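For reference, the structure is listed below as C-alpha cells.
In order of appearance the chains are A, B, C and D, and numbering begins at 1 in each one.
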Amino acid sequence: MAGTARSAGTAKGASSATTARTTVLGQNQYGKAENRVVRVVREGTTHHIKDLSVSIALSGDLEDVHYHGSNAHVLPTDTTKNTVYAFAREHGVDSAEEFGILLARHFVTSQEPIHRARIRIEEYAWERIATADPGGPAHSFVRKGQETRFCEVTHDGERWRIVSGLQGLTVLNSTHSEFHGYIKDRYTTLKEAYDRILATDVSARWRYRWDADDDGPAPDWDTAWDRARTHLLRAFAETYSRSLQQTLYGMGTRVIEGDDLIDEIRLSLPNNHHFLVDLEPFGLSNDHEVYLAADRPYGLIEATVLRDGAEALIPADPLDL
Amino acid sequence: MAGTARSAGTAKGASSATTARTTVLGQNQYGKAENRVVRVVREGTTHHIKDLSVSIALSGDLEDVHYHGSNAHVLPTDTTKNTVYAFAREHGVDSAEEFGILLARHFVTSQEPIHRARIRIEEYAWERIATADPGGPAHSFVRKGQETRFCEVTHDGERWRIVSGLQGLTVLNSTHSEFHGYIKDRYTTLKEAYDRILATDVSARWRYRWDADDDGPAPDWDTAWDRARTHLLRAFAETYSRSLQQTLYGMGTRVIEGDDLIDEIRLSLPNNHHFLVDLEPFGLSNDHEVYLAADRPYGLIEATVLRDGAEALIPADPLDL
Amino acid sequence: MAGTARSAGTAKGASSATTARTTVLGQNQYGKAENRVVRVVREGTTHHIKDLSVSIALSGDLEDVHYHGSNAHVLPTDTTKNTVYAFAREHGVDSAEEFGILLARHFVTSQEPIHRARIRIEEYAWERIATADPGGPAHSFVRKGQETRFCEVTHDGERWRIVSGLQGLTVLNSTHSEFHGYIKDRYTTLKEAYDRILATDVSARWRYRWDADDDGPAPDWDTAWDRARTHLLRAFAETYSRSLQQTLYGMGTRVIEGDDLIDEIRLSLPNNHHFLVDLEPFGLSNDHEVYLAADRPYGLIEATVLRDGAEALIPADPLDL
Amino acid sequence: MAGTARSAGTAKGASSATTARTTVLGQNQYGKAENRVVRVVREGTTHHIKDLSVSIALSGDLEDVHYHGSNAHVLPTDTTKNTVYAFAREHGVDSAEEFGILLARHFVTSQEPIHRARIRIEEYAWERIATADPGGPAHSFVRKGQETRFCEVTHDGERWRIVSGLQGLTVLNSTHSEFHGYIKDRYTTLKEAYDRILATDVSARWRYRWDADDDGPAPDWDTAWDRARTHLLRAFAETYSRSLQQTLYGMGTRVIEGDDLIDEIRLSLPNNHHFLVDLEPFGLSNDHEVYLAADRPYGLIEATVLRDGAEALIPADPLDL
C-alpha cells in the first residue's frame, strides 16, 4: 500500500512485454464518476432519504488495456455504475463511509485483476419541511446548507484508508482577527491590521485511525462526522486570531483532540478578503462598518495537523514535490 | 412607466438628430453590477451582518453617449459603486428592499439625465455559530442554505415597482406525486406514473402592490419575505401533485392568499427528474427505493399567478413574444 | 402575437371557471430544456457534426392542468425531448434556426391545445483536427472557441420571430479607448482615462425581419450568422472608443447596416475592468504595461439598436418596467 | 526534495517545542492564489498581450505562525501578489514557465524562512482580430479556445520541477472507436460497441527532465508546449481505439516520443458519453446518426505514461494511497 510502489513494478513488467517500447505505464485508475443516487426508505408515511454522488476508481492488472487495447481485465465503468445502484437497493445506505466500504470490498474481492478500489462520495444534506400537520405524512424535504459532506474509502484487499470531510462550509468572524508583525520587503505595502474580518470556506479532510477489518469495530461514521464539523465551527469562532494559519492549526487540533479515532486532518482555507472601504473621499468615517467582499485574488492557507506520533497519509497536494 | 414606451420616443428623437442615421437607439441601461457589500453593526460584543450583491442599472437621456461618445450625461459606473458603499455607511441596510429604494431614489432625483433606476440585490443569509459560552461575544457566523434572497426595485421618479423573491431553494417530495392522463402522440414513450419523486429548485419573484410614496406605509419587507418563503415550502409539501404545473399554481396561490400585499408571483420550476432505476437485470425489485438523480435535460415549468383583477407586470421571459 | 395579450384572455376565462377562485393564471409555458443532441453525417470517411442544446417551451390552452391537475392538454416534456431526437434523424440539422423552425411548426400544428412554441438552441462549434494524412479519414474534431451560437425561434401558428445571436465572445482592445468628461458628483473618485484597456464578453441577439411563411425565402441562416459575428468583431476593433456605450452602438449599427435582413439587435456588454497597477511604491513606472484583470464588480452596458423605423421586439430585460 | 520528508522532520522539531502539545504540524503552504495579470507590450502600433492567473504557495520555517500566531517568518500573501505585478513590469512575461521560475527563485532566495516555492500559472490564449486595414494598428484581440495552458514551477533552492500542461481541450472522434471483450459480471448490462463516438476533455500535465540551473539550457517552453499539444491532438485523431485507456496511452507516448525533453505525462480523460438514441419506437433507424450527449455520470480514465527508466514524480491523485 506504499505510494512508491505504484509505478516501479508496473513499469518493469510492462517494459519487458515488448522490446521496442520506449514508454511504460505508471499509476493508473479508472471508473465511473459522479453517479447520483437517491435512496428512499419508507417507514409508514415517514420517509428518509440519502442523496449521494459516488465516484469509483479502480486499479490493478491493467497493462494490457493500455498497451494493446485488450479489455479482458476491464470491468466496464458502466458496470461500476450499475453496482452502485444495485448496492443501494441490496444493502441500503447506512452512512456514506459504510456504503463506500461495501463497494470497495466488492470490487477488490470479486474481480481478480482489480487490486485496489477508491470510492469517493459527496453527500448532500436535506432537512424536513415543517407542515401544518406535525403528525401527518413526512415525505417533504428542503436542501440544507451549501456545504457537502465528503468521504473517500480506499482498499487494497488488506488495509483500508477512510478519509472523511466537508467542503463549502463558509464562515466569518467580524472581529477577533489581527494580522501584523510580518516580514516587510521591497514589495510590501499591506497595512497592519488590528481588527479585521476573517472569513473562509472550510475544506477539511480527516483520516480515521481504523484501517483493517480486524482493527476492532469501525467508528460510528455519522456521529464522528457531526462531532468534527462542530469542532471546526467552534474552534473557528472561539479562536482569537493573529493569522489564518493559527486559526487553521487551532481548528485541526480541536478535531483531533475531540475524537481519539482521528489521527490526521488536512485543511485548505482560502482567505476570503473583506476590505474596509475607504469612505474618506465622501466625508464619511468607517469604523469597521462597511466592507467590500473580494473574489480574487485570495490568500490560500493549507496545512496538515497530525496527532503526535501519527503518520501523514493524506496527500498534501496533487502536484506537490 | 409602460413597457411599450421604452423605444418609440427615444428612437424618434434620436432619429431626427442626424439626417444620415440609419439606425436608432432603443431601450438602454447601464451601471455597475455585483457590488459585494458587507455591513457590520456592533451592539456591544454582539455583531449583526448583512451580506449583499447590489447591481445598478440606470436609464435616461443617454442618446449622446451612444451616438457620439459624449459622457456629459453619464454618471460613471464607478460612482454608482461608490454610492452603494457610502449609502451602506450613511443609511445602514435595514432590508434589501429598503436599501434598494434609497439607492433608486438617489440616482433618479440627484441626476437630471437619469430618469429611471433599477436596483437588483441578492442577499446571502448567515446564522450564528453556537459557542461554548452562550453569553459570550457573538461575532461568528456560518452561511445558511444555498438559496439566495432577491429583490428588484425600479423607480422612474414617480412610481415604484418592488419585486422580491428567492432562487436556489431546492425541495423534494418522495411521494404524493403522479403524472398520467397526458397526450400520447407518435413520439410519446413515457410510462404513466402513479407514485414518483417530485423535486425542483424554486425560483420565485413576487410583486408587492405598493407602488407609490403616497400609497400608505410600505410593507415590512423582511416579514413579508419570510412569510412568502414559508408559504412556498408548505404549499409544495402539502400539495398532492398530479403535475408540476398544479403544484406551481398551488404555491403561487398560497403566497398571494397568504399576504394581501402581494398581487403577482412568477415561478420557474425545473423538474429535477429522479428516475426509478431498473434493477430487474440484477434480479432485484425496486419498489420506490433507488433513484437516479438526472441533470439534463430537465422539464421546465414557468407561470405567473395573479390576484384576481391584478395586472401582470413581472415580465414572463427575456426574449418572449 | 402582442405581448400584452398573454394574460388578459387567459385570466378571464380561468376566472369564470370557478366562483371561489381568488387567483388566476397568467403567462405560462413548459417543455424540456437543454436536450443535448449530436447529429453526425457520414460522407464516405469524411464526417460532419452538429452539436446542439435544444430547449422547448410550449404555451396554449393549459388552464386545466394548473387549476385542476388534469393533463389532458399536456404533451409530456419527455415527448418534446423524443421529438428533438427523432427530428434530428428525420430532417437532419441544416442550421439551428431551420431546426428550430421545424420543431416549432410541429408542436403548434400537431397539437390543438398548443398555440405557441418557442425553441431555443445553443450550438457548439467544432473544427477538424489536422492529421498526418490530409487525404485520410476526417472524423476527428476539437471544440472551437468558448463562445456559443444562439437562436430562438417563436411561432404562434401564423407568424415567426427568429432571433439569432452569440454569447461568450471575449474581446479586448489594448488601446484606442478613453473615458472622460463624465458627471462628477459627491461620490465620484474615478480618474479620467485617456488610454485604457477595453474588454468585454459580447452577448448579442439580433432579430431577422422575416416573420411569415409567405414573407419570401428565409435568410441563409449560417451565412447571416457568420457575417454578423464578423461585423461585431470588426466594429469592436475599429472603433476608437470614448465610452463602451459608443462602442456598443457602433457594433449594433455595423450589424444592421451590414445585413438588410436584420432589423434589431440587443447587446449586453460587461465592462471587464483592467486596472493599471500602481507600481510607484516599488519604484517602478507603469506606462500601460501591467494590468490587473478584475472580476467583480463590473460595468454592465445594455442597449437595443434598431433599423430606423423598425419596431423593438426583443425584450430588453426579464424584469424590466 | 523527497515527498516523505515533508512531515517527519517538521513534526519532530515542533513536537519538542512544547511539552503539552498533542498535535504537530505537517506539510503546509500558503500564498496568494489567482492573481490575474495582463501584460501589454507595445511595438509601435502593434501590441502583444499575455494573460495569466498566477498562484503562489510558499513553505518553510513556519511552525511559529501555526503554533503561536507569530508572523515574524510570514511574507504576507499581499506581498506575493505585489511581487507578481512588479515582476511582470521588471522582467516581462516571456513564457509562463520562465515567469514562474523568476518568481519561485525570488521567494526562495530572498526570504530566509521560505524554503520552497510553488508557482502555478494558468494562461489564456488570445488571437488577433482581423481588421479592414491589414497594415493598420494591431491592438485588438479575441479569446481563442476554451482550453487553458497550465504550468507549475516548484523550487526548493536547489532543484526545479517544471510541469506544463493544458486543460479543457475538448475532442471527439465520430468513429474508429470500439469497446468490447470486457469482463461481464452480475451487474453488467452494457452492450458491446463496434462503432461509437469517443469524446473527452483532455487534461494533461507533462514534466520536463530539466531540473537544475546547471542542467544545461532550459527548454524553449513555448515551442515545447505547442508541440505537445499538437501531438495530443494528432494521437487522439489517429488512434483506432479499442478503449479510452489505449487512446490515453497512445497520446502520452506520442508526447514523450515527440520531445526528448519530456520524461513523464499524466493524463486525465473523462469519457464524455454519447449514447446512440433508440429511435425504433418512432419507426426510425439510427445508423450512427443521432446521439445524446450525456453529462453525468462519466467514465474517468487517468494514467501516467513514463519514458522508460524515468521516475514518476507527478503525483497521481490528491488523496491517493
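By our rule, contacts are C-beta pairs under 8 Å (C-beta built on N, C-alpha and C of every residue); 3 or more make two chains touch, one makes a residue touch a chain.
In this text the structure is predicted, and so the values were computed from the model without any measurement.
With touch defined as above, tell me whether subunit B and subunit C contact each other through largely the same residue numbers, more than half shared, or through different ones.
same
Going by average Cα coordinates, which chain is farthest removed from subunit D?
Using the mean of the C-alpha atoms as each chain's centre, the farthest one from subunit D is B.
In angstrom, rounded to a whole number, how far apart do the mean CA points of subunit C and subunit D lie?
Taking the mean C-alpha position of each chain, the two centres sit 33 Å apart.
Rounded to the nearest whole Å, what is the centre-to-centre distance of subunit B and subunit C, using the mean of the C-alpha atoms as each centre?
21
Rounded to the nearest whole Å, what is the centre-to-centre distance of subunit B and subunit D, using the mean of the C-alpha atoms as each centre?
38
What are the residue numbers in subunit B that touch two or more other chains?
36, 82, 86, 187, 189, 281-282, 295-296
Would you pull the subunit D residues touching subunit A in the complex into a rising list?
It is residues 1, 3, 6-7, 11, 15, 21-36, 55, 57, 62, 65-79, 81-83, 86, 110-111, 113, 116, 118, 120, 152, 154, 156, 161, 163, 179-185, 187-190, 205, 241-243, 245-246, 248-249, 252-253, 256-257, 264, 266, 270-271, 296-308, 311-312, 314-321 of subunit D that touch subunit A.
Within their complex, state which residues of subunit D touch subunit C.
Residue list for subunit D touching subunit C: 36-42, 47, 49, 51, 82, 85-86, 88-90, 126, 129-132, 137, 139-146, 169-176, 197, 233-234, 236-238, 274, 277, 279, 281-282, 284-286, 288-295.
Give the list of subunit B residues in touch with subunit D in this complex.
Subunit B residues touching subunit D: 186-187, 189, 281-282, 295-296.
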